[in-house]
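Beneath this line is the structure, given in structure tokens, with notes to follow.
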């Protein structure tokens, strides 16, 4: 077991370095994507700040608090983009036969499908986001060390949830072989996480908490830090991740089994 | 000797959606999708011993690739069993995967933007190959495949032949005991084909790995394989020595004659199947047992200047039988 | 003309054939529109208007974003990039066919399906939203809106086409294209009315073709532009259309020349 983990870890390090090298061979393309991502970040941030020129609070949150929601969303979203990048190529991986190689070689096909390309560009954009998050956290009224800890734990929990969703999307791609933009729909829906969940009407809020748990991923960590999340909800967040992760892994296994009994 | 492959009654059905043509068909398919089943492989059984190099023949769509995919563990059969190196392939156990390799001529596992050596390094970690063994394996493959500097050039800059050889190196780094080759020479020029063939033969002899090979290039088969398995529409048609297959179908010889003057084509046709003729040359296909009589009749009734008796070309038979290129 | 109609019909079928892709595309679009509306709704709070938009006007703006996302921002850029870099472009060039016309026909098919199906989410949003929706009575507003939107769509098509043509010179044109599209969506007002931006920035943007993509048609339909001003801006928009077409055609023919010179 330990030996297997170590082997997979070594494998991941090598693929990560290979995908960075491959990315470096496309300088113009990479710079374009980098600037695009920076534009999105800056524009949205400017938008949030501009809005606060006209109002005092949004859904009861001050500028700093709203900024924390927005930054937390970006951290979770970027970590997913950095480490689970492979899902964006899932359809090509399947249709060009790379997935066949994944299946006949002794490394977990799931790891290869989801995690084996690492996006270095997002590491570059993540750093300023982290710096800004620390600055914002310092400007908020201090609520004690444990709030910071819970914030970190819930953010990590959010990454687990995002991973589970990526696994499910990968499974869907293996299963249908046609959902090329399943992951882009996720990204569109994830868009809702840019704002605190409180801006949404009750039914939407419920859908984002219990249906597609975007609120749990993006709003819960910030709310916990601000002391506006009860222990019961914190428990719910961790329980949900465990259940969703279990379900999506089962779905992945079922889809691979079906892949290997159909397709051509 | 131990068995590398033991296949019994292997069967595979595919389901595929049926779409009616036209716009209305498209709209209908939105709501109601129909499927039809096709049997791609039908109760195929055979055994291959370790160290054997077997050709796997059949027309396009006969079920060759499907069978190979089942033996590699990529597809689960509808029914039937198979043991590859003592494992059930579609359980995809690591112990089996470490001793197997599948090479598909049209697919690549190499990283396009990077030198092939990087993919080899990756495979080293995938197959958990110790550094010393990796070095030895690599040196050997570089030498046999004549790869030299090609491994340190980005794959996208390699020619097709160089890429195929790098592909083979990536596939064989872990010294598989069972090698499934699907069209390894497709798209290569004649010289490269020959290189790849020589390598496959050498690898088989040196390591004693079992190799099952499909190819549309009949020279691959006639030069490499003493035994062939033939399938047609999913069914096993023949399993045995290539020579015997040829003998079974090559029940004819060719009589090739040159004449000193004009001849009557109708009279010529009475002697056998005329495959080509012009003013003063003709080729006749004659059943083996009538070769002597026909040749005598030819010499007696026609102004023959020269006469040859030839065997039918092996390539030609195989090609005609199995619809190759 | 007939062949382009045929291409249109085939592309229409193909889009319909991918039922799940289509459905999920709409779902993603709906998520974006819903979150934008919710955010504005919270900003409006108890106020009668925010930045000069009443609640019904804001809903109409968001609905226009929804329609124009389908109608304006669906070019063939990525397809073109892919066809140039894979060399598939050659197979069009040898046929008696204008590639622009062909691409436009395919784009139109895509727009037809997406605009048609966005009726679904528009209906849903009107149903959810409170406070009603602003619908102009004046037929002139509608006429101006359609004219503005149609030209916006063509401007986007040709601008995107021009950026994609970079693929003739570099295999990495995906980066600039991505960057261009993101910038465009913000600068066009496809996320928020440009009124939120500081005055100087807005003036700067008014010298570019971008505000004509969403912001201008939306304000025309909301009857926030005086008729004379609207006609003047429509004139400016058509000038931009001519410019965009000229740039696209010039880039295309230069690209082809360099493509031919390098032998593909």
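Going in written order, the chains are labelled A, B and C, and every chain counts its residues from 1.
Throughout what follows, a residue touches a chain if its C-beta (ideal position, glycine included) is under 8 Å from a C-beta of that chain, and two chains touch if they have at least 3 such contacts.
Everything quoted here is computed from the prediction, not taken from an experiment.
The most distant chain from chain B, with centres taken as the mean of CA atoms, is C. Pairwise, the chains sharing the most contacting C-beta pairs are A-C. Taking the mean of the C-alpha atoms as each chain's centre, chain B and chain C sit 52 Å apart. Between the CA-based centres of chain A and chain B the separation comes to 46 Å, rounded to the whole angstrom.
Centroids built from CA atoms put chain C at 28 Å from chain A.
Residue positions of chain A with contacts to 2 or more other chains are 26. Across the complex, chain C is touched by residues 26-33, 35-37, 39-40, 43-44, 46-47, 50-51, 54-55, 58-59, 176, 178-182, 184-185, 187-189, 191-192, 194-195, 198-201, 204 of chain A.
On the side of chain B, the complex with chain A involves touching residues 14-15, 40, 66, 69, 72-76, 78, 90, 92, 94, 97-98, 100-102, 104, 107, 109, 111-114, 118, 121-123, 125-128, 154. Across the complex, chain B is touched by residues 7, 10-11, 14-15, 18, 21-22, 25-26, 96-98, 100-101, 103-107, 257, 260-264 of chain A. Note for the complex: chain C touches chain A at residues 18, 20-21, 24-25, 27-29, 31-32, 34-35, 38-39, 41-43, 45, 50-51, 128, 170-183, 186, 191-192, 196-198.
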